[in-house]
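Following: one structure in structure tokens, then a few remarks.
For reference, chains read A, B, C, D, E and F in written order, and residue numbers begin at 1 within each chain.
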Amino acid sequence: MTNHETHTTESRLQRGIRALAQIDGEAGQKVVDSLADIAPDFATYLLEFPFGDIYSRPGLDLRAREIATIAALAAMGNAAPQLKVHIEAGLNVGLERGEIVEILMQMAVYAGFPAALNGLFAAREVFNHRDGLASAA
Amino acid sequence: MTNHETHTTESRLQRGIRALAQIDGEAGQKVVDSLADIAPDFATYLLEFPFGDIYSRPGLDLRAREIATIAALAAMGNAAPQLKVHIEAGLNVGLERGEIVEILMQMAVYAGFPAALNGLFAAREVFNHRDGLASAA
Amino acid sequence: MTNHETHTTESRLQRGIRALAQIDGEAGQKVVDSLADIAPDFATYLLEFPFGDIYSRPGLDLRAREIATIAALAAMGNAAPQLKVHIEAGLNVGLERGEIVEILMQMAVYAGFPAALNGLFAAREVFNHRDGLASAA
Amino acid sequence: MTNHETHTTESRLQRGIRALAQIDGEAGQKVVDSLADIAPDFATYLLEFPFGDIYSRPGLDLRAREIATIAALAAMGNAAPQLKVHIEAGLNVGLERGEIVEILMQMAVYAGFPAALNGLFAAREVFNHRDGLASAA
Amino acid sequence: MTNHETHTTESRLQRGIRALAQIDGEAGQKVVDSLADIAPDFATYLLEFPFGDIYSRPGLDLRAREIATIAALAAMGNAAPQLKVHIEAGLNVGLERGEIVEILMQMAVYAGFPAALNGLFAAREVFNHRDGLASAA
Amino acid sequence: MTNHETHTTESRLQRGIRALAQIDGEAGQKVVDSLADIAPDFATYLLEFPFGDIYSRPGLDLRAREIATIAALAAMGNAAPQLKVHIEAGLNVGLERGEIVEILMQMAVYAGFPAALNGLFAAREVFNHRDGLASAA
């Protein structure tokens, strides 16, 4: 389990920085940077607990973890910026666009059609942004 | 794709009944039965839309679908009976107990520690119930 | 508008007591009584603002007001005791059982199937309790 | 019951298209169109289940159904675009502006003053947009 | 207790106007003004119940009350405009910026990291706006 | 700042165990114990992050922290067991019963009357349990 084998030698913070880069890429680093002037300790906690502790655990691969996160954030419906970051993260760890669309559609069953719709519109924004970057390259 | 190949010959209701039996087993049938005296049409909708339409779609396997559902219900934190049904369903479609525990722990990051704790206690109840059934057999 | 015509002579509290009795009946009085030892002032606020101010306003009849309340409480899904009180209240102000079932079923669209299911099971409990009282009479 | 009498001859999709046009008008069609490139199947489900199944049911008129929907969306407070669509829909099916304002004010009791305030500001936006269209005609 | 001693001579509305000015300052008055054309009665209720009744009660000082309000609004995560008004209000009644940051960070434990992050970004906006006003003076 | 001064010598876990004992007393230990068979790692995280990191921070005293937690849990309304633990914790760190009642009543403004009522009933249960223990002593 690559995520886990260096646990003994790395600190939680180092492990979190590595996991954040792998999962959220630039979007994650932007969140961390944006905390610098208001709550720098919170940036540390964010790296240490969610990424250094939770996402670095063996027992569930990153693909499954992002399915869970996308579903939860779409269902709660009150964290649009984080949902977009994790749709991006889902693509980073190997989910296909069509799979993300399936997860979001399924949320209509558990959180209602508005939650599913708002999740799908967030996904469209992320996908279009990626396509724009690709065509601009 | 076995779930999907019979779409043209089966009705949505038939497909939903088959999907419900495969996913939720007895617990799902109990929910359907319990609607008989108050809202029998709603039992039909429940079979047709979530199970006949959504869970029967190709594009995301049932294991991934149950990860999404368990995460969403634990994060929302206001549907304890349905969370237990889907922890059971997760086991039915191939999730291991340890994987379900990982999903629920991860919800601490997105919905807070109380949501994760209440999800874990629901899982313990489901697991213990299964063990009781097994040891009674 | 009978609810409103005595506004000038009645206090908000008196108006609220009258509205609570008309709408929630005994169940409402039990809630007020249950606050006596922990927060008696809150019982006064409950009578004055929701019942003396809001439910006593002209511009929307009590039947429409209870449709709104039942829908909101079922959709939020975190206030089971109050949902039952207002299913009872809906019946008190003229909603038929079948209409309440329609409202609750519709919540599947906006808040998901679990919210609708839990609302329907709450309704069944209220209806059965009423039938028990009727058959015991 | 006009909504229901053609059930046997119309498909769920046809019935849903007709109900959506009657209830949500242009705003509904825009939502359906906006799904075309990301999740066309979800547009079909949206037409079939909420509109073809639920809103087309006899047993509760459209005016009562929109009271329930406006109340639920305002109370949940996490689906602003859909709340606006249904304030518009409420006007389409015969609710008066003052009645919609009453429903939203009442949500202060069940979901708090912020939910009511945000609902009222959404209503003001919809009303002003309508007035702008009227004065531009 | 200065907030309370004039209860007998002031009306609830007068007391609410005074409490709103003390707590929310200009931001509160803007909310009241913005209700004038859509729901003027709701502006009265807002002054009377939250401010004239609740915030004017002895038994908990305004500093403690704003800690509770900031925590609740950040945790619910669906009332961004009101959260900003109450971060401002917290500063008005004596909370330090660092204390508000602590409250918001703590919400990661109870409502998840996205709720805490969105609360912190709201605080940064309020703090920056204050600094801009100060430097412009 | 007594909570903080030993940071360099204590581990996060040790600090968390100490903070949990001080704040939640027996109720906290019970939660930790109840995780032993289902998710022992989660008990460690619970001690380390909320208690070892957050509650042990200087910058906000424990009384203020419990005001925030009680408010948040009552407002969210979906974590009854944790709300009771923290009403108990509030008493442990110096909040008076009357102050807790004020916090809960105030939640009517931000999360609605049902959230406040259910919070008050939770408080009554905790207070009565304490009185029972006292009279049994």
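Criterion: contacts are C-beta pairs under 8 Å (C-beta built on N, C-alpha and C of every residue); 3 or more make two chains touch, one makes a residue touch a chain.
Treat the numbers as computed from the prediction; the structure is a model and nothing was measured.
Which contact partners do subunit C and subunit E have in common?
Touches both subunit C and subunit E: A, B, D, F.
Is the C-beta contact count larger for A-F or for A-E?
Contact tally favours A-E.
Please pick, from B-D, A-C or A-D, the pair whose interface repeats that of C-E, with more than half of the contact pairs identical by residue number.
The C-E interface is reproduced by B-D.
Which chain is most remote from subunit E in terms of Cα centres?
So the farthest one, by centre of C-alpha atoms, is B.
Of the other chains, whose C-alpha centre is the longest way from the centre of subunit F?
Between subunit F and every other chain, the largest centroid distance is to D.
How many angstrom between the C-alpha centroids of subunit F and subunit B?
Each chain's C-alpha centroid was found; their separation is 32 Å.
Please work out the Cα centroid separation of subunit C and subunit D, and write it as a whole number of Å.
24
Could you list the positions in subunit C whose residues touch two or more of the other chains?
41, 45, 49-50, 54, 57, 73, 75-79, 82, 101, 105, 108-115
Edges wherever two chains touch, nodes for the chains themselves; is that graph a line, a ring, a star, complete, or other here?
Shape = complete; every chain linked to every other.
Help me check something: in the complex, which residues belonging to subunit D touch subunit C?
Its residues touching subunit C are 49-50, 54-55, 57, 59-60, 64-65, 67-76, 79, 82, 98-99, 101-103, 105-111.
Please give the residue numbers of subunit A that touch subunit C in the complex, ascending.
On the subunit A side, the touching residues are 75, 108-115.
Across the complex, what residues on subunit E touch subunit A?
Residue positions touching the partner: 76-78, 101, 104-105, 108, 112-118, 120-121, 123-124, 127.
For a test of understanding, state which residues of subunit B touch subunit D in their complex under the given definition.
Against subunit D, the touching part of subunit B is residues 41, 45, 49, 53-54, 57.
Which stretch or stretches of subunit E touch subunit D in the complex?
These residues of subunit E touch subunit D: 31, 34-35, 37-39, 41-42, 45-46, 50, 73, 76-79, 81-82.
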